[in-house]
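Just below is one structure, and these are the notes that go with it.
We just call them A, B and C in the order they show up, numbering each chain from 1.
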Amino acid sequence: MMTTKRAPRAQVVPAVIVAGASLSPIAYLVVQSTSRGVRPFVDEIIQQRTAELLTRSLLLCASVTVAAVIIGVFAAWVTTLAGLRGKVAWTVLFSMPLAIPSYISAFTWVSWMPSLSGFAGAFIVLTFACFPYVMLPVMAVFSRIDPSHEEVAMSLGRSPLITFFVVTLPQARRATLSGALLVALYVLGDFGAVAVMRHEVFTWVIYGAYRSGFNPTRAASLSLVLLVLALALTAAESQARGKQDKGVSPVRTLLRSGQSLAKVRALAAAVSTVIIIPSVGVPVISVVSWLQRESTRRVDTSDVVSSAMTSFGIGVAAALFCLLAALPVALMSVRHPSRLSRMLSAATYVTHSLPALVIGISVVYLGIRAVTPLYQELPMLVFAHVILFIPAMVTTLETAIEKSPVRLEEISASLGSSSVATFIRVTLPLALPGLLAGSALTMLAAVKELPASLLLLPTGWDTLSTDVWRFAAVSDYAAVAPPAITIIVLAAVPTAILGALSSIKFKSDS
Amino acid sequence: MHRTRTWKLGLLTSLIAAVAACGGSTAAPDSTATAGTTAPSGGEITLYSGRSEELIADLLTDFTATTGIKVNARYGDSGETAALLLTEGSNSPADVFLSQDAGALGAVRESFSTLPDTTLDKVDANYRDAEGKWTGVSGRVRVIVYNPNVVNSPPSSIDELLDPKWSGQVGFPPTNASWQSFVTGLRVLRGEDGAKKWLTAFAANKPVAYEKNSAVRDAVNSGEVALGLVNHYYLYEKIAAEGADAVKAKNQYLGGGDPGGLVNVAGVGILKNANNSSAAQVFVDYLLSTEGQAYFSDKTFEYLLVKGETQAADLPALSDLGAPAIDLSDLKSIEITQELLQQVGLLTK
Amino acid sequence: MTYALQVRNVSHSFGDREVLRDVSFQAKTGSITALLGPSGEGKTTLLRIIAGFERPRQGVVSVNDRVVSSPDTFVPPQHRGIGIVTQEGALFPHLTVGQNIAFGLADRRSANSRRRVAEVLDMVDLAGTESHHPSELSGGMQQRVALARALAPEPELVLLDEPFSALDASLRESVRDHVVSVLRQAGETVLWVTHDQDEALSTADDVAVLLKGTIDQVGPPLDIYKHPTSLAIATFVGDAVVCDVVVAANETEADSALGILKLVNPIRAGHARAIIRPEQFDVSEVSQDGCHGVVTQSRYFGHDGLISVRMATGEDITVRLHARRLPDVGASVGISVHGPCTAFTA
C-alpha cells in the first residue's frame, strides 16, 4: 500500500526550482521564436522546406533506429543467450561505442573515406554509435528470461530460430522500445555526426540558421518543431509500451544448457566481429593512426594534460550538481507520487530532446541577461550540463531509489531512526550502485559534450572535446589525435566497467 | 592563463567538497572573471577572434609586449562568433571582434561603435564598412590555382571553367568559408538566378570536392586535377614550407571584375558596449600599424590593406587585380548560399 | 489487567474509500493477540497506523497508556518503540545479520550492543550467524533474524504482519512454533496480523476479528468459535453450515430441516439462521423419522475427514467425521445434530 503522506517542503521547493530551471531553455525558445509576433513564427514554420527537413530528419531517425534495434538485439543475444565464450569481453566490446563521441567517430570515417557524407555517412556513424542503447536494456531482459518458455515452444515443434522470434523476443518488447526511443532521441539531437557528414537535418539547419543565417528566430522556431517531434516520439513510445510488462517471469534460478550448435556460435562470433570493426575498430585505429600524420603545430603534452584536467573537473562538477539537482525530483516522484511530482519529473525530461547546441544558446541568452557576472564562468557551463544530463540522472535515481523499498525505510523508523538517519543508513546505501553509475555516466557525457562547452567555456580555456573540434575543423588530424585518444580512454574505463558489471550482474542474478 | 585555470579548477574542487560536506544544493557562484590574476599595467581587452589561435597568437603576444595590454582571446569560427555576439547582446564581455570574413562583420555591424577617421583613413574605402563600423586589416584574393605541366593556358574567368574540357578537372573545398563567400559574392554580383545558373553548370561539370583549400592546392600541384578554386596565399604557404623549386603550381588571377577574383578581407570592429574601448582602439591601430601589417604579410602572405605599406611576397598589386566591386558587408547572407549549394548538390553528395 | 495497546474509535480512508470504521480494541500486556480478517479488509492498514507509518483520520492509539496517535498528537514511528516483522522479513540487504540486528540499538559498536545481538540471535537459534548476509539465509532463517532485529531494542510492543505467509507450508508450522515460543519466553506483547484462522485459533491468546473495516469481537479463540457475536464472524471463523430455522415460542429451541435444534442463547421467536459446526453432526443408518441424505463427496485427512451430504430436502451440508467412520460416496446416511447451536435473528 502506498503512503499518502505529502512530500515534505524540503523536497518540494528544490524540486520545483530544478524543474523550473530545466524548462528555462523552452522559455527562451518561445520568447525568441515569437519575438516578431506569432504570425512570422507560423510563417517560418509552415514552409515547403520545413516539410522537407522533417522528412529528411525522420528518415534518418527511422533508419538509424531500425538498424540500431537489429544490431542491438543481436548484440544482446550474443552476450547472453548465444552461449559464446567470453561474454564479459563481448559485452565490453559492444559497449565501447558509448565511449566514442559521435563527432570523433564521424571524423575518423571522413578521414578514412573522404567521399563519405550526407545520409549514408550520418546513418553509418549514428547506427554504430547508438546500438548499445538498445543492447543494454534488452540484455537485462534476455538474461532473466525463463528458459522453460523456450523449451516448451521447442517441445511444441518450433525451431530455435522461430522460438527466438515468437517466444524470447516478444518478452523484450518493452526493453527494445525504450532502447529504440533513446536511439531516436539521440539521432534527433545529435549535432556532431550530421555536422561532419553535412547532412541537412534539424540540428544542422538550426546551427546553420544560427551560425550562417544570423537568424536566432528561425533557429528557435525550428528547435520548437524539433521539440514537438521528440515529445511525439516519446508519447508514441509510451503508448506502444503499454502499462504492464508482460511475460517476464520473476527471477528464478535458471541453468541454461548453453549448448547452441558450434556452427551457430561460430556464425555469431563472426557477425559480432563484423559489427565491432566499424563501431570500435575504425574509430580507434584511425585515431591512433593520426598520431603518425604530419601536424602543422607542435602537439604539446602539457596542453593535452591541462585540457584533460579541465574536462575531468567539469565532468565531476556536472555529475555532482546533476545528482544534487535530480535527487529531490526523483525522491518525490518515487516516494510521494502525485500529479505535482509527475509533472516535475516530466519537466526535467522535456529538454532531453533538445540538441545541446540549443540548450547552450539559450543558456548564453538567459545567463548573460540574468546573471551577468557568472557569464562565461564555470558555474554557467555546469548549469547547462545539469539541464542537459538531468533527464538520465532522474531516471537512474528513480530506479535506484526504488531499489530501496518503502518497507525497509519503515522498518528503519520502527527501529528508532529519524528520516534523515534512515536516508543515510538505508536509502542511500541501497541506491548507491545506481547513483554511482548515474554519476559516472553523467561525467562521461559531460566530458564528451561539445556544443555547450564551445559556447560557455571561460575565455581562454579548452577541454578535450573543444580541442578535438578546433583541430578537426582545420583537418589537422595529428593534433586531433591526442585529445581524442584521451577522451576515448577516459570514457572507455567507466564504460568497460559498466559493461563488465552488467554482464556479471546478469549472470549472478540468473 | 594556465595559472588561472589551476586556480579556478581548485576553486571548483573546493566548492564541490564544501557542497558534498554540508549537503547543500545549487551552485555557488565562482568569483568574477580574472580578478585573481595579475593584470599588466596596460589594462586588458577581451577579443573574440574568428581567426584561429595558430594564425594570430604570435601577433597578440607581440601586441601585449609592445603595449602592456593583456588580451583574453576567445577563439571560434567567424560565423559562430558573430552569432554568439548577437545572442549575447549588449552585455557581451567582448571588446573587439576580429573576423576572418567580411560577412560576419556585416552581421554584427549594428553592435559596433564607429571607428575614428584617423583609423579608417589608413585603409582603402573598398575594404572597410561604408559607415566606418569596421575596417579590414588584411586581404585575400580568390584565384584559380593551376598546374602548368597539365594546363598551358588556364581559364581567365569562372565561366571558362564550365567548358566540358575541364570536366572532372576542377578541385574545390565545399565546406570552406572562403569558397562559400565567393558563392555569396557571385549571388550579389549576378543575382540569385545568375548564381544558380552558374553553380548548376559547374556542378554538371563534375568538380572534385576536397576537404580544405590546402588539399585542393596539393591535388593541383601533384597533377591529380588541373585546376583548383582557392585563396591566393595557399600557394605561398607551400612555397615558404617547401621552397619555390619544389612547387609546380601557379596562381591565375582573374581580372576584369570577374566574380572569381573576389577580394575578401579579415577585419575588426570595436563593440559599442566595450568595457575598455580605449585599449580596444589601441589594438585596432596596432593591427593597422607597420608591425601589425608586417605580420599579415610575412606570416600569412595576405594582402596589406593599409596604404603605403609594402608587400613582402611578389604578389600582383591589389589595385591592379581588377577585382569585382562589391560592398563586403553584403557577404553576410551565408545561410542562403548554403541552401543554394545544397540545392544544386555542391554541399553534400 | 493492563493493556499494552489500546485502539479507540480509529477510522481511516484512502481517498474516498473507507478502510477502517470506528475500530476499537485492546491487547493485554504480555499476550499474543491475533488480528484476524480476510485479505484487503484493513488489517495491514490498522497495523501501519499502530506502527506510525500511517496517520489515522480519526481515533486514538495508546501504547502503555501513552497516546501515540490522536487528532492532536502524532508520535513518529522512530519514537514509538514498536518492533515490526513483515511478511517478507525486509532485512536490509546491504547489511550483515549482525548489523541488521544492531540497527535499532543505541550504541551499535559497543560491547553491550554486541552482547545484545548475540543474545537475541541465540533466542532465535541462530547464534554465530552475525557475519552472514541475508541472501545466504533460508526464508525461515530470515524471518527469525527479522524477529531478532525487532526484539533487540526491547520494544514495548511487537507487530507481526503475516510473518509466515511467504514460507513453504512445511516450514511454516515449525517456524511459527519457534517464533511463538521465543515471544512467550520474552514476555512480549504481540499483535499478530493474519488471515489464517488455524494459525490464529491455535496460537493466539486473544483473537480480534476485523471484518469490513471494523472489529466486532475480541476474545479467546474458543469463545470466538463457540460464541460468535454475528453470523459473519461465525461463518468466517471455522467451517459452519448455516440453516434457516424457525425459533419456537420458548426461545431456546428451533425447528429446522435437520430436526429440532437446541440454542446456546435464547433469541426472539420466529425466523432465524442457525450455524452448525461440522463436528456437531452425527452420521448413522438411515432411520424413518430422522433426516437423511446421500454422500456426494468424501475428503480424507488422515486423522479425520469431511464428507458432503446432499439432504433429501436439497440442502448441502459438510460433516466432520473420524477417519474410521467415513462412508462411501453414494451411500445414504442419516444425519443428526448434537449439542446446542448459535442462532441469529434473520
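Just so it is clear, a contact is a pair of C-beta atoms (placed from the backbone, for glycine too) under 8 Å apart; a residue touches a chain by one contact, two chains touch by 3 or more.
Since the model is a prediction, treat every value here as computed from it, not as a measurement.
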Core chain by centroid distance, with centroids computed from Cα atoms only: A
Result of counting contacting C-beta pairs for A-B and A-C, higher pair: A-B
Whole-Å separation of chain centres (CA-atom averages), subunit B against subunit C: 87
Distance from subunit C to subunit A - Cα centre to Cα centre, in angstrom: 53
Distance between chain centroids, defined by C-alpha means - subunit A, subunit B (Å): 36
Subunit B contact footprint on subunit A (complex, rising order): 14, 17, 49, 110, 114-115, 117-118, 197-200, 208-216, 296-297, 306, 309-310, 313, 316-317, 320-321, 324-325, 361, 364-365, 368-369, 371-379, 382-383, 454-455, 458-461, 470, 473-475
Touching residues (chain side subunit C, partner subunit A) in the complex: 14, 44-45, 48, 51-55, 76-84, 86, 88, 90, 92-94, 103-104, 149-150, 153
Residues of subunit A touching subunit C in the complex: 1, 3-5, 405, 407-408, 410-418, 422, 425-426, 429-430
Residues of subunit B defined as touching subunit A within the complex: 1-2, 4-5, 8-9, 12-13, 15-16, 19-20, 24-30, 32-33, 46, 52-54, 72-77, 79-80, 82-84, 86-89, 91-93, 107-108, 174-175, 210-212, 215, 332-339, 342, 347-349
